[in-house]
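Order of writing sets the labels: A, B, C and D. Residues in every chain begin at 1.
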Amino acid sequence: MTALAALPVLLPILGAALAVVVSTSVLAQRILALTTLGSMVVVAAVLLVRADRSGPVVIALGGWAPPVGIALVADRLAALLLLVSTLVALAVLGYAISQRIADYGRRMASSTFYPTYLVLSAGVSLAYLSGDLFTLFVSFEIMLTASYVLLTRRTSVQTIRAGMTYVIVSLLSSLLFLTAVAMVYAATATVNLADLSERVDALPPGLRTVLALMFVVVFGIKAAMVPLHFWLPDSYPNAPAPVTALFAGLLTKVSFYAMVRTQTLLFPHDRPWTLMLWLAVATMLVGALGALAQNDLNRLLSFLLVSHIGFMLFGLAVFDARGLSGATLYAAHHITVLATLFLVGGLITRRTGTVALDRMGGLAATSPALAVLFAIPALTLAGLPPTAGFVAKLQLLQAGAGAGVGPTAVAAVVIAASFLTLFALTKVWVRAFWGRARPTVEDPDPHDELEVGTARTPWPMYAATAGLVAVSLAIAVFAGPLSAMTGRAGEDLIARVPYRVAVLGDADR
Amino acid sequence: MNPLTSSPDGDAAAPQPGEREQTPFESWDRPRSPWLLPGRCRTPRRRTLLLEMVTRGLFPTILVFSIYLLCAGHYGPGGGFSAGLVAGLAFVLRYLAGGSTDPGALVPIRPPVLMGLGLAIAVGTALAPVVAGEPVLSSTKLAVPLPGSGELEVVTSVFLDVGVYLLIVGVVLDLLRALGSGIERDMRAAGEEA
Amino acid sequence: MITPTINLLMALTVGGLYAVGFYLLLQRSLMRVLIGVVVLGHGTNLLLQLVGGPPARAPIVGSAPADTFADPLPQALALTAVVITFALTTFLLALSYRSFVLLGHDEVQDDLEDRRIARRGGPAAPLHQDAGPDGRTEDER
Amino acid sequence: MRVLALVVAHLALAALLPLVSARSRRGAFALAAVPPAAALLWALAHAPVALAGGVSSTVVWAPQLDLVLSFRLDALALAMVVLVSGIGALILVYCIGYFADSPEAPRNAALLLAFAGVMLGLVLADDLLTLYVFWELTSVASFLLVGQSGETRENRGAAVQALLVTVFGGLVMLLGFIMLGEAAGTYRISEIVELGRAGALGGGVVTAALMLVLVGALTKSAQLPFHPWLPAAMAAPTPVSAYLHAASMVKAGVYLVARLSPGVADRTAWWVTVIVLGLATMAVGGWRAMGATDLKRLLAFGTVSQLGFLMVLFGAGTRIAAVAGVAMLLAHGFFKAPLFLAVGIVDHATGTRDVRRLSGVGDALRGTALISAAAAASMAGLPPLLGFVGKEAALEAFLAEHSTRGALVEAGVVAGSVLTVAYSARFLWGAFARKPGVPDTPVHPPGPLLTVPAGICAVAGLVLGLVPGIVDADAQSYARAYPAGPEQYELALWHGIGPPLLLSALALVVGYGLHRARGTVGRLAGRFPAALSAQRAYEVAIGGTERLATGVTARLQAGSVPAYLTVILVVVILLPGLATLIGGTWPAQPLFHAVLQFPFAAVVLLAALALIRVRRRLTAVLLVGLIGYGVGGLFIVDGAPDLALTQFLVETLSLVAFVFVLRRLPAHFGAERPKPRTWVPRAVVAVVAGGVVSAMAVVLSGARRAPPTVSAEYVRLAPEDAGATNVVNAIIVDFRALDTVGEITVLFVAAVGVASLVLAAPPDRRRRRQRDVELPRKDAQQDEEVVTR
């Protein structure tokens, strides 16, 4: 049982290594990838149950008690997001495999896709579980490097620009991250998070602010916080649907998670945290307005992604148990719904041959299944009841309304952003699903990996998407126990002590 | 812009569809031939005899040195990384001397597979203690009886170093395959002098 | 206890590396950006090592008394960082090569869709409007 | 629990209906009418309990969020259930005939039934959040029902408008609900109303919350200035209009006001807003109805007007007004629904709804004309119909106040009644009269499935008017929640000749006069000033939002990577940088620690500076290598041999890799020299950011208080426990081995990526996409300057 928390990290790395070794057999690769992610889901579920029942699951790697060794910590927050993330990764993998079979035939092996996909999952898991600042950096590098590879794989004249934007901005954020780690070590001589949370307290408040803001910038870039978000809508939309879905679902939320983890554990702020309130407002509005200006479906979704990061930032800014609970709940919902929408976007493009909304039309009549698959996550993202988006937003709004005038005013911005989200999604519905059916746009590049403009879509692609819709619905149905748990998670985060005790208290064992 | 390369969108100089890539790595499982022999080298104009001679002598020496670094890491500067990089540099040297026709014969195993094996060994080392009920990534000292007399004390974390070593060698070889042979292939395809 | 303070010379060196790295990062040539990343990486790794404290003996037990050792942890971290920076460098190198192969140059170009929206300056066709008779909006015509 | 089961039954059956539709489209509607009918019977069976105080049921969803599905059947809810489920069932029956075998049938059957379910949930909700859940669902259902297949522009526009306006209101209302719930400590409506009656809801927050809630109510019930969505929504099929936009959904706002008023109507902000907007809506709706030529639009404006009237009654906060409100609520349902259904019949039978083209239809469709006459009479307030009973009560309510407010409102109500009479007459005339100069419209006779449901509604209005005790029992039960006035009032047909009756008569006479003058009035009403048009305001608001979105996005999203990086660096300078300046103290700092640091630092810095100017790629790469070796040298000086060794090896390997790639790249960087206005700002940002980093490092390292205890542990543990004398190596392969695993994973995946990038199928084989034609390079350059300026 001691290895439990390490499995979500080590299994996929092992899987990736073996996937390269067996790269001549695509069947072996598929089985390897699916079993790895499947077992990760199981492990994550067990971790979540254990973390919720009996406190954070901590393992000291190598048997070295932290802060000497690296600790992996699965508390409620980490375990919940890990579970949702692995579920999404599994579903997206199913979609991708099915698409690859449809587009390539059954025999096309790849020495790139499966290993990289698994490495990415490993990086995500490690980021959630890491109890060590430097390991967090390493996990980000694992995750990001894998994402670079996935984004630039089989890149073409059209997509290379997006790849460059993404890689360059991410590299800057990585180097700033490393710089921040160096700064932290300079001031405290430790990189263990629990240890740090004690040592940072001893620093003068001014310097605590410096460090806190450094991490806000570092994670803000990767979480697409305005004004550090510009790279995202320029890069995500150009990747194949499963890749974009995976990125949109996981990467920004991992960064947001890292922001929550560091800010709550290391730098407790005022309640509310005014700077973050402003950043949340900017993120919500700039993202939502950006979405409204788009004609490209994937770009529109990307801007909505940015906008809804602002919702989570709002929860963080309130900086009390309810706010953090809301942010956690929102993150869990956001991971699912964004991945779903991008997968649906992929299905739409596959069917219509285009991402341009003004070249689509009449899909509700020609493809009712697609209409349903789009409508449910769209309503979820817009936060209309009784979806998961509504439940999460409700918690955020309650936290805001209960935290004074400033947060209440920002809650009004949340309302405005929700409205703009609905507006943008209505636009998609009206343009793509209603109106005259338009002729399918021919595949502009029949030789490339992606087949578009075809009515031939294998059912597992729909099934994987529907599976994600089901996850999202499950979040809504089980909102009771879930919100109770995120509530406890929020209290833990504010209290800080449970985490420290779980990591360092065990050292005396 | 280089006039010899394609137009901005890369349309020009297209090889015919169906043309196979000329990377020797695809034939990695064919019988291997000796390396750096006359006749299997690049165009004579670009041969550097001195480099070839030096390489023939240095290559095994460097490899041995890298093994030393691997073993010495626990007690002085060195370790899997440095050792792997040193070994990798030995292959680089060979590549520089022999050109792109050669690296297919460098190792009897494809570089990605080498990388995969290295990584698998490293992760295996991390997971193996779990079977024995120990924490993940923990290491113990093993006493290995030597055939002659006495025992060799081995810290299990050495296996991690071995994994690292293999992986790094694989990475360097893969870089040679891609940035070395791969680019040369592209240059030939574009009609540039390789 | 020694107070681990970075000396002025090293602060200047690190600052210089960062400034040059940042400057190169802001260029359009991907190769320059790449060089900027490498320079920044050197700066970061140096910084990471420096925060351990002023120069001291190599932390190899037995070679010197333990209290004269340099802080080993930042060294280990920096070592990891060096390797990671190397990995990223080679990747970006391959990316700039790919970019060159595809585009015939290695410049980081502006995003087309963003430019399109910037030029349009107003909303596309009203929400519920049909596109034109040829199935396209004025934007594309 | 039972309520939720009822709602779920509606939804579940709705989900299954497409299967039924596949066999029989008529059967689908017939089946769809069953759940609402069952709901009506259930409610009527519980009527005694409901009137005695109400019956509650609760299903816990997410208690942490106070998200509890709680329901309550009381007098007000009972009245609404009669409208929602009773009229709903009748309309679904009507649909059997209306849609017959049209291809639209399957969608409408499922959606109408689903709508009936969520509407039922809405009116039974006893919890603000429960109410909100169903509230927004009705908006979505309305969107889909108005939009239909979305093929015509009219449908799309109307659907979008209805959705955006009502969801906007709903979202604002949600914020109000939450503020209200947080302030009151409960989301239970009955408890909030109790608190309000007890005067325990104080504070500006509650008032602000209530105003936000009103926005929701006003949008949903199509009150000024949000009303235009309702006439636009007439694009929907007539049964949909009859059900959603006359009988049920649009009453949700009125219902919400009626729900909350007992607790909050004594607040000036509340009643002033409701009454003023209600009266204005009543007037504007009535006036616009006079100018309408489409029968459905005429009725829609009439509905707007009537909803304003209902708002006034429920917002007044007096017992008599409340009684009148319940009576009018029911009356409106029973006269407006049959009127719509009649229009549907006329439309079905003649193919038009235009009053200018219809002529002599009354003779051909006698039954329909009769039903319409009864319903329109109820609308106009003629005895012995329920509409008359309600209007009498309303007129009495404000007279009984004996106050200025009462007098003013009374005047408004009478004026509104005049208009109501006028457009009622106009409707009858427009639909059924034989008009001079217009040829008789050809008519296909409708089937009984169309006329019977309409007839039942109209008869119900008559019966309830003749036996007002039924409605009175319900209304009194509801009105008991209000503070008792000086007088008792019972609904009755005959209250004796008093001011209300005289005012009624006056309204009838003047209203009929207005109708006689319809030519002039119609012209005047049709010439509504465009500047005041709320429809125009909606279009401006929506268009403005889109323009704002594009404008903001065009300015921010430059598309240029250097610009993005500059922004990031500026944020670094402004946030942590500024914080360092404010919060940091500069420690006493030696110039150097070891002499050897000088030469290496000099090499590094000089090489770095040279890098900026260099134009040859190879030189640049060599300079980078020089920096790398210099840094390696510094590592040696600092006592990090492992690090130095790795640095040297890595640097060498990097150099080799660079040279490999440089083989194919041009020898020089781009030829153009950047202009000062491009590079100067960049240089400034870069230098300041570099300075910030080094300042931060100095300040933070000067602030360290605790010794590096962790590192001391490493030194202590390494030889014994990890079996290594090289502490750095022990950390790497043992203490922090996970980092190493992670690091080689990065290396692994990067190598995989390099191979995939370089060895991928040559791009030349791909055809370029047509849609993304490259911008000319020159263009891109110019744009870049715009951005950086």
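Basically, a contact is a pair of C-beta atoms (placed from the backbone, for glycine too) under 8 Å apart; a residue touches a chain by one contact, two chains touch by 3 or more.
None of these values were measured; they are calculated from a predicted model.
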item	value
Per-chain Cα centre nearest the global Cα centre, belonging to chain	A
Contact-richer chain pair [C-D vs A-B]	C-D
Whole-Å gap separating subunit C and subunit D, where each centre is the average of the chain's CA atoms	42
Subunit A and subunit B: spacing of chain centres that average the CA atoms, whole Å	36
Cα-centroid distance, subunit B relative to subunit C, in whole angstrom	27
Whole-Å separation of chain centres (CA-atom averages), subunit B against subunit D	60
Residues of subunit A touching at least two other chains	10, 13, 16-17, 20, 61-62, 111, 115, 134, 138, 141, 145, 148-149, 152, 155-157, 164-165, 168, 172, 179, 182-183, 186, 189, 233-234, 292-294, 426, 430, 435-436
Residues within subunit D bordering two or more other chains	156, 160, 546, 549-550, 553-554, 557-559, 561, 565, 641-642, 646, 650, 653, 657, 661, 664-665, 693, 697, 701, 704, 707-708, 710-711, 714, 725-726, 732, 734, 736-748, 750-755, 757-758, 760, 762-763, 765, 768, 772, 774
Multi-partner residues of subunit C (each touching 2 or more other chains)	4, 6, 21, 25, 47, 50-52, 58, 60, 71, 73, 77, 79-80, 83-84, 87-88, 90-91, 93-95, 97-98, 100-103, 105, 108-109, 111, 113-114, 117, 123, 127-128, 130
Of all residues in subunit B, those that touch subunit C in their complex	1-2, 5-10, 75-77, 81, 175, 178-179, 183, 186
Sites on subunit A touched by subunit C in the complex	134, 138, 141, 145, 148-149, 152, 155-157, 160-165, 167-168, 171-172, 174-175, 178-179, 181-183, 185-186, 189, 191, 233-234, 292-296, 299, 358-359, 426-427, 430, 435-436, 438-439
Touching residues (chain side subunit A, partner subunit B) in the complex	2-3, 6, 10, 13-14, 16-21, 23, 59-63, 111, 115, 157
Subunit A contact footprint on subunit C (complex, rising order)	4, 6, 21, 25, 30, 33, 37, 40-41, 44, 47-48, 50-52, 71, 73-74, 77, 80-81, 84, 87-88, 91-92, 95, 98-99, 102-103, 108-109, 111, 113-114, 117, 123-125, 127-128, 130-131, 135-137, 139-140
Complex contact set, residues of subunit B against subunit D	1-2, 5-6, 8-15, 17, 21, 23, 73-82, 85-86, 88-89, 92, 96, 111-112, 115-116, 118-119, 122-123, 126, 137, 139, 141, 153, 155, 157-158, 160-161, 163-164, 167-168, 170-172, 174-175, 177-180, 182-183, 186-187, 189, 192
